[in-house]
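What follows is a set of structures for review.
You will see two complexes here that share subunit A, one where it goes with subunit B and one where it goes with subunit C.
After this line comes the complex of A and B, so read on.
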């Protein structure tokens, strides 16, 4: 009974959907899946562990530091050890999101005033969205009126937006824009969040994982860098299955052969639950 | 009229067979069990059972500082909240934080700060909440150990872990890891903590009477004990992921 109601609701929302989002929302075409990389060992390291004392052949990379004397390379995170060319990196297994210029993020409007919106983007600072970065797309400029903010989009507190970070540094709050492809307000669907370092794993190498999830569950997925994932499918059963699959990927992110294992698991579950 | 009842301690802290009251040798540690990721809503968390001590630690951050005037424009701050549950000790502990809690919060925070890269997170705070649900001597050492684990579990970049252990003197003999009764009835208590990226002491408190040569000897004993505990810490951190690896890849 409950599911029936849900499905009806879904259909209603479907009609409301902004036409811009009807298209397939693919994201992150050029993301490297570092977890699946052949050079990544399955060795888990902890902060303070010595990765190498061979200073002639190796250079400290991401997630590592040199000790005071400069004789050892030390990990600063809990993660997987990776040797790439002559760099030693540590791929983090847990952590928080730090906004970087160019990232696509899903944010929730938490405050608004005449000059800016405040957006929660799951980072340590709230992001700022200024009206000049919200100029509406595909709408004709109204003639005859010169008011400067007529063609800006209006949001309410609690609205969910997909935005791009246009400036972010250590000192100032990051600034967002919603001008661009796939950006803007999201209607309908479900948003789940995962650990931000595991986002590359959900996308997979050249998007292999996300393609597999899409084809097996017939859902639209939009993965963003801050660990929030937007999901929308035609049936609530399929959406539930997909959410479980994503949490499974998050949990087993550091294991080998994940794409095949998840594919097998999804097919088994589909049979069990009677999803066609 | 108030009635003063003096605490009764055993006259001897060693048994006749030369072992300590709980059956340990002089250099033995109490049984230690550690686990990470025990609190779902925290960014990172850890739990330790060290003898009869049972302590939870949770980490939140980096996040905005409240009250705002504590925020520093050039670096983040680390705030530690050490609290004891009312039922954690024999007499009911009053729940308001007292002088002792503030002191221990401060020393744990000072002891963990050198391993964090606080300058990377200006205007933010990392908050560590330590809740002692059962206390039996050496809670400041156990709290420091478990707080470091929780920080690592939260994904906070750290130069190394921090490990802490107490050494002391009871009945004229130097021993490692004092229990509650040895702490109260013994002659000296010396909590130490170590940061492993530079092999330096990050905490050294002292209470009691001890000679200089004994101090040097006890610091060497502390080093041995700390190395044992450090191995357990690393194991606890990695076990969470290794278990999933083994389960998934079988």
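After this line comes the complex of A and C, so read on.
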């Protein structure tokens, strides 16, 4: 009896999740281009720098802490100061990826045992993928007819998956799921990795940069929050051009007017290399 | 270029293999091309000779130091030259601290063998007094960044460091060796330029100068050290096997590649006394 209830609950939760994914119609995450944001000042701050003493109007946000008395907001990172509503954030110039609930990540299976898979997601700690989060849902199962025959997906060490973080806190290793739209095993293509804080730059404001890259190089691109980018094109020449363009974006992430410059560069390079 | 972890993902393996089948490399080279060498000599003032060499992303710092010691009994009138290598943990997540592991010993030994068995270091000229005092030359390689094919990089770098070396000339007196005020360098230390040429093998596909991703995917590699007209050493590592025809083909390729490298790099420009000659 208890099991049935559990299952029902689980299904409800998962259906909620499914709806969430369906809203996400584009391949890439909808992240604002933080570097290009108008509220982001060009001011570079260092760890320990006092950002504000006006405690009535501002609240410490990401990358900041309060001093002991609670009278000053202090930066803990090297980065750009950003004021959003009444939050003061610091956008790091580079750094590690920290898993957050709801992020899509590309991971590599590094270990497996009957209870769970261990997944390298480019973060400080390995993520965990439990078999129950790999269940492929079919209509048969939803009606409860074949509930004993769980249709879980199997992975081997070295497989590449796109997954969603379902829980992440400071105490436990992040947990992943591959149930949902666009999630699951990746076949073919190539993965490159960039500095995670520069991911918004590769996507651009409202996806402008990534749309430009896609249209100019005819490659499929999938960018995830942990700084890994999956690329698949029909010709290695185009893939190489795209990879070089992405590294160029990473190098020049802190500059203005990047999309136009990269577009010009890509068109020049295409002519030079004779790519149609 | 790619994520370097102990576990290389399956799609990366597939990508490298599929492109190699079409005779294409992941970094856009041809099958028999080297990445770009960059050589800077004279970077360490405390050393007699030094070199900072990079081959693509691989970067090694090499220093040459000397000592005066007694010769080995079987070669009483010959100096000694030894090579040591250290893989710093800074270079790659694959390296750990601690005593030298297989890879660092292999790097040192293969570079050493290439130099030792060629007419490279002029050991007879490094003798101060027979049975009493000879020069002992130490070549120390420190890998700063690992991006594949450390052996070729180290071999070229060692030669550049030796060429740039300036060793105080000693003469024998009753109280032991004394400095004459002159230096020995260039042609007095080195005659021939042996180069190590490394080939990787994935399935049946052979290629020159494997980068790190290819090295991790490959079944093994073979290093052929060549002078202008002879092979001085061959080292095979990994689980792969080579047929005799393959070895013959690779030897020819090694001579071609070495000739091209000698021409491109023009190593003699780094010699200390080149202007005087």
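The definition used in the following text is that the second predicted complex is superposed on the first by the 213 of 276 C-alpha atoms of A that agree within 3 Å, B and C clash if a C-alpha of one lies under 4 Å from a C-alpha of the other, contacts with A are read in each partner's own complex, and residues count from 1 in each chain.
Going forward, a residue touches a chain if its C-beta (ideal position, glycine included) is under 8 Å from a C-beta of that chain, and two chains touch if they have at least 3 such contacts.
Predicted model, so just to flag it, every value in this text is computed and none were measured.
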Under the superposition described at the top, does placing subunit B and subunit C together on subunit A give a clash or a fit?
fit
Looking at A:255 after the superposition, I want to know if it touches subunit B, subunit C, both of them or none. Which is it: first, second, both, neither?
first
Contacts of A:61 with subunit B and subunit C, given as first, second, both or neither
neither
Touch check for A:191: first (subunit B), second (subunit C), both, or neither?
second
Looking at subunit A, does subunit C or subunit B touch more of its residues?
B
Between subunit B (first) and subunit C (second), which does A:131 come into contact with in this model arrangement: first, second, both, or neither?
neither
For A:180, decide between first (touching subunit B), second (touching subunit C), both and neither.
neither
Of all C-alpha distances between subunit B and subunit C after superposition, which is the least, in Å?
6
Considering the complex alone, what residue numbers of subunit B touch subunit A?
43-44, 61-64, 115, 117, 120-124, 152-161, 196-198, 233-234, 237-238, 241-242, 244-245, 248-249
Please output the residues of subunit A touching subunit B within their complex, sorted ascending.
42, 44, 46-49, 63, 65, 67-68, 74, 76-78, 92-96, 124-125, 170-171, 197, 251-252, 254-258, 261
Can you list the residues on subunit A that touch subunit C in the complex?
108, 110, 120, 122, 156-160, 186-193, 228, 236, 240, 243
Can you tell me which positions in subunit C touch subunit A when the two form their complex?
1-3, 5-15, 19, 22, 24, 26-28
